[in-house]
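Heads up, the thing below is written out as structure tokens.
Think of it as A, B, C and D in the order they're written, each chain with its own count starting at 1.
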Amino acid sequence: MAGNSFGKLFNLTTFGESHGVAIGGVIDGCPSGVTIDFKAIQNEMDRRKPGQSAIVTQRKEPDEVKFLSGIFEGVTTGTSIGFIIENTNQKSQDYSHIKDSYRPSHADYVYDKKYKHRDYRGGGRSSARETACRVVAGAIAKQILKGVEIYAYTASVGDISINKSYKELDLSNIEHNAIRCPDTAVAEQMIQKIKAIRKEGDTIGGVITCVIKNVPIGIGDPVFDRLHANLGKAMLSINAVKGFEYGSGFEGTKMKGSAHNDLFNEDGSTKTNYSGGIQGGISNGMDIYFNVAFKPVATIMQTQQTINTDGNSVDINGKGRHDPCVVPRAVPIVEAMAAIVLADAFLINKIYN
Amino acid sequence: MAGNSFGKLFNLTTFGESHGVAIGGVIDGCPSGVTIDFKAIQNEMDRRKPGQSAIVTQRKEPDEVKFLSGIFEGVTTGTSIGFIIENTNQKSQDYSHIKDSYRPSHADYVYDKKYKHRDYRGGGRSSARETACRVVAGAIAKQILKGVEIYAYTASVGDISINKSYKELDLSNIEHNAIRCPDTAVAEQMIQKIKAIRKEGDTIGGVITCVIKNVPIGIGDPVFDRLHANLGKAMLSINAVKGFEYGSGFEGTKMKGSAHNDLFNEDGSTKTNYSGGIQGGISNGMDIYFNVAFKPVATIMQTQQTINTDGNSVDINGKGRHDPCVVPRAVPIVEAMAAIVLADAFLINKIYN
Amino acid sequence: MAGNSFGKLFNLTTFGESHGVAIGGVIDGCPSGVTIDFKAIQNEMDRRKPGQSAIVTQRKEPDEVKFLSGIFEGVTTGTSIGFIIENTNQKSQDYSHIKDSYRPSHADYVYDKKYKHRDYRGGGRSSARETACRVVAGAIAKQILKGVEIYAYTASVGDISINKSYKELDLSNIEHNAIRCPDTAVAEQMIQKIKAIRKEGDTIGGVITCVIKNVPIGIGDPVFDRLHANLGKAMLSINAVKGFEYGSGFEGTKMKGSAHNDLFNEDGSTKTNYSGGIQGGISNGMDIYFNVAFKPVATIMQTQQTINTDGNSVDINGKGRHDPCVVPRAVPIVEAMAAIVLADAFLINKIYN
Amino acid sequence: MAGNSFGKLFNLTTFGESHGVAIGGVIDGCPSGVTIDFKAIQNEMDRRKPGQSAIVTQRKEPDEVKFLSGIFEGVTTGTSIGFIIENTNQKSQDYSHIKDSYRPSHADYVYDKKYKHRDYRGGGRSSARETACRVVAGAIAKQILKGVEIYAYTASVGDISINKSYKELDLSNIEHNAIRCPDTAVAEQMIQKIKAIRKEGDTIGGVITCVIKNVPIGIGDPVFDRLHANLGKAMLSINAVKGFEYGSGFEGTKMKGSAHNDLFNEDGSTKTNYSGGIQGGISNGMDIYFNVAFKPVATIMQTQQTINTDGNSVDINGKGRHDPCVVPRAVPIVEAMAAIVLADAFLINKIYN
């Protein structure tokens, strides 16, 4: 397979270009008998969609999911779930400027070299529009993960950071502001930062933290398919992601073993949780938590020097409506990919019980 | 598959417990016609093996690979390559203390809960001994990646760090010291640090940087199988790894797009390389580089409180000979996994040419 | 994955129920740069569609394929190809009689037992309507198999059989009659047979032979993925198929080795071809040929005794418009699955050259 | 993967050439907690091994399995099970005559063309010696299929055939004669036939029937992974197999639907079983039964004309000790592959319960 499938038993295969007729996907391996909450799915879509707030791109796309199969009378049948999301905001003329030029730090150049023939409109397949399909599958995955709670939130924007553990935060605040940061005061700073950056025609990166509660002991596989390795791959497969760390992460490398080891309580829980809820690739019942690094969006509203398809130096200008910071819209994508990884791991684990 | 296989076309499946008869694996998908350099393989094994220097575990294991198939008269035949490494250092009596107790921050507890029945001797399957098989496959992968150069090195031990880009370092120095750090002065500090830590009966973490040169443009797939996502999964599947970042990584989240974008030269190379040699999941011909975070080794030579299989609080003491810092021996493992990912991506890319 | 995907590198994932909104699929792994002949695709669809002749079901469905991605300006881009076929002939009321009863020799009963909740309309996912998606993918596969010729034809209907080797037949006659039998005289007998069977409200089985010419030497893999094993699985996955044999097949079991062995000519071709163009799972350059057995259609226009979902005995009557013999419409499906298997094997083989 | 792996969750990867150091494999996905009956495994090996009776090859190979991992204190741990079988009967000098010549209807020629470099000794990887590893995995698969009974037997040798349904036979007789035919009178004819054939220096084919009892309802997946499609692929992947049919098979194509349909009893069982225990790819609780066609062994003790690697015509003579008929030794291989397919399907089905 050429990269468009994810998951072993709960499997998502996606298709679609930014400015084609539609994007969509197939979810194979969803168990039968799941009563689908369609509103919950659309709610996740709305968290990701453009135009939702003042600090994201002002493009308008309803991003309505149309299910084509696998759900009968509102309940999954165990057969593959096909779905599409129509591209309502197609304006091919907007993209004439990128037909013959390569946008810096975009995939235009490598797609052209690898495939020889590319759909240049809006980035085609390399556009983050593709992640809408992940949110659909993630929303369904959440519905089969009964009891599991997944919270992603913005932990930093540029150099503005929460600097608190998730345990010190009220995660019910996440959806109360446009940046999806549970620390209201820091959220306001982040929003101001993004507004300022946008005025400059520039963009900024950020970090999303994700916390997963109530995962039972024993989920995940050893050796190559460790739960955190699959989570890491899932996150690194999201557009603009540059890094992943879980539990103590990069900071943990500075600690001594005597401080880092998570000592057991008699009930099998641990007194600390530097392990991030996973030991040897398998969940230990403690909270799973990890950070995901997003680079600044590559499309800026400034003139940049670049090259055209003939290898000549040309100027390129950002056009259209773009995100000054990808992080607020990426929060539901991180949750969706986490849910897909977990749903897959839960199903695999059923084999051994 | 239950986690013991890695790679789509260049595929490694491994088996073996730390104190069983032997560990080993099968490499499927290695092209025919590759003249195998057995000395080069053993050289990689020697870089990983215990007892190689004063700062690693003093256990003695020759770690000799015995190939059983797939190579005829020194040349691969295109059929599956089976190999074993005998466990010469089996001392089951050493491990009676961990039969009934769970070592903190080890996988003993979760294995017991998941599988009900575990080989407790030396950690069984969860032991890092398993990584020896990865080094075998990685050494063969390197031999099919003609022209590609892979350099991993120790970038930090605890809070002692090189703090230089790989470009400022002489990578030919890596094998000149026991810690595998190309900055000789910093290497000496790291070695002293590890010796001090060991005297305390404690352990310490560290960071390994890996640089890959001469990867042609177009390697890797889009969407879910981005080259960096596969590299990330590969690294996160190594024992003790807590984080992965490539290119600008977590630091890059603080940058503006105008500074972070890699502008093109007319030959298609870029003036900067915050992208880390990969755009949209596909190699762009620039150096690929990434960091891998390793936690401090969980086995310490101190008395720790833990619980036994009955859930009662007991004391546990580290026994045997263990690494105070996993990083020097992990350098060849990082290279091996990078080589396996690349060999797989190279083969997949052949389809499109 | 739960059974809805086929192929390793040239991969098809399908979805859709007989009477849902639409059926469709995703083709992942199609190389870029293939100029798509859309008419050729629709032509294959027309060979499979209902209502095409007097001896097949008289339902009318246009079966028009709508491509959603992966093809830009008529040429493949190397990204996943999504497509849908709308179900225009939905009449849910027709199926009330099978909501609560199990049709004999259909999958209703086992779907109900396995999944608990099924889309009973028209057989849902177990309907042969699903094969339309295979024909789409097969038509594209044919377009990347330049030079390879695939001919399937009806070899027998009930006890009326051609009784000639494919070498004695003019394969250009296949499409000249409704039953797709290259022997015009036998074709007429088959057609009369089917008409008579239909008058009885009954159905009849048959055998399709498939011949593949111009496959180069070396396609296919050894051991578990032998080319004929993959062809066999592909054929056995088609609705109503009960058997597969290639080369000398079941008759060959009666031969002596001295007669069965295919002696070489000096150019590497063989004097006979009992091997059916495949040795050790790998193509040898000779014609590949095989037979596929189709059972009589289970839906008959007669009253049958059956049970309802409560386990009580009830009568059931065939309703709607059904095929008295599946074979004429299955000919393009056999070709499609053969093309998918070969396209996959061709791509895999590129790795080794 | 290059053809050396089989199974999705219960997965076998094998390696090894006929005259290399050893053959072996890795079983990944075997659940933990299975108490292994090692005698039962060796018993299956003995049913396959050379030299077991007067009508098979008189080579002597003990075929002792050595388990290297995954089993601790006699019980599986859920980790991968590595095993090897040493090749004790290596006589490389025996094979000098096939180094430069291609044996008719063997894989020598296609391996040479595909891989350029082959291990010619005893057929290397294309030797049926590889199937010993399948028997190991099949013997373990049988041990996790509690209650399921798998009986394979010889149904025909050349034109000598039982001509009875399995229901009319006493399957407990299978192991009572060297040909493994439950009809004692026919068995004797078969044995005499094989002895006569061997005297001629010739070989003969045959058919094996396999019956599987006590498979619960609901095993298997729809569409591409139908249970019979996976069984078919498994059988067709065995050396020398030319055909597969299940239930009514090729004969069923001659029947009318009204006769072929399996009417239900009120308990959900069916009055007839032309379906062969599988409907829509999913088991229905009735007996599963199928036939497997084996061609005559290609190595004959007669002089045959062939070509050498330079394309010149040469004579070749069979040397060594070979089977005049593969069928009696293939019976346990058919059972093993059936058990592997079923174990895999049972594990996959656990997801939905």
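The criterion applied here is as follows: contacts are C-beta pairs under 8 Å (C-beta built on N, C-alpha and C of every residue); 3 or more make two chains touch, one makes a residue touch a chain.
In this text, all values refer to a predicted model and were calculated from it rather than measured experimentally.
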Name whichever of C-D and A-D has more C-beta pairs touching across its two chains. C-D
Working from the CA atoms, figure out how many degrees chain A turns to land on chain B, in steps of 5. 180
Relative to chain C, chain with the most remote C-alpha centre: B
Calculate how many whole Å lie between the centre of chain C and the centre of chain D, each centre taken as the average of the chain's C-alpha atoms. 26
Chain A and chain C have mean C-alpha positions lying a whole-number Å distance apart equal to 39
Chain-centre distance (mean CA atoms) for chain A and chain D, in whole Å, is 46
Would you give the residues of chain D that are in contact with at least 2 other chains, written as numbers and ranges? 1-5, 8-9, 14, 29, 32, 78-79, 114-115, 125, 222, 348, 352
Please categorise the chain-chain contact pattern as a line, ring, star, complete graph or other. complete
Please name which positions on chain A make contact with chain C in the complex. 1-5, 8-9, 11, 13-17, 20-26, 28-30, 32-33, 66-70, 72, 75-82, 84, 114-119, 124-125
Chain D-touching residues of chain C, taken from the complex the two chains share: 1-6, 8, 14, 102, 104-107, 109-111, 113-115, 125-126, 130, 156, 158-159, 197, 200, 202-207, 217-218, 221-226, 228-230, 232-234, 236-237, 239, 242-250, 252-258, 260-268, 270, 274-276, 279-284, 291, 293-300, 302, 304-307, 311-313, 348-349, 352
The residues of chain A that touch chain D in their complex are 9, 29, 31-32, 78-79, 222, 347-348, 350-352
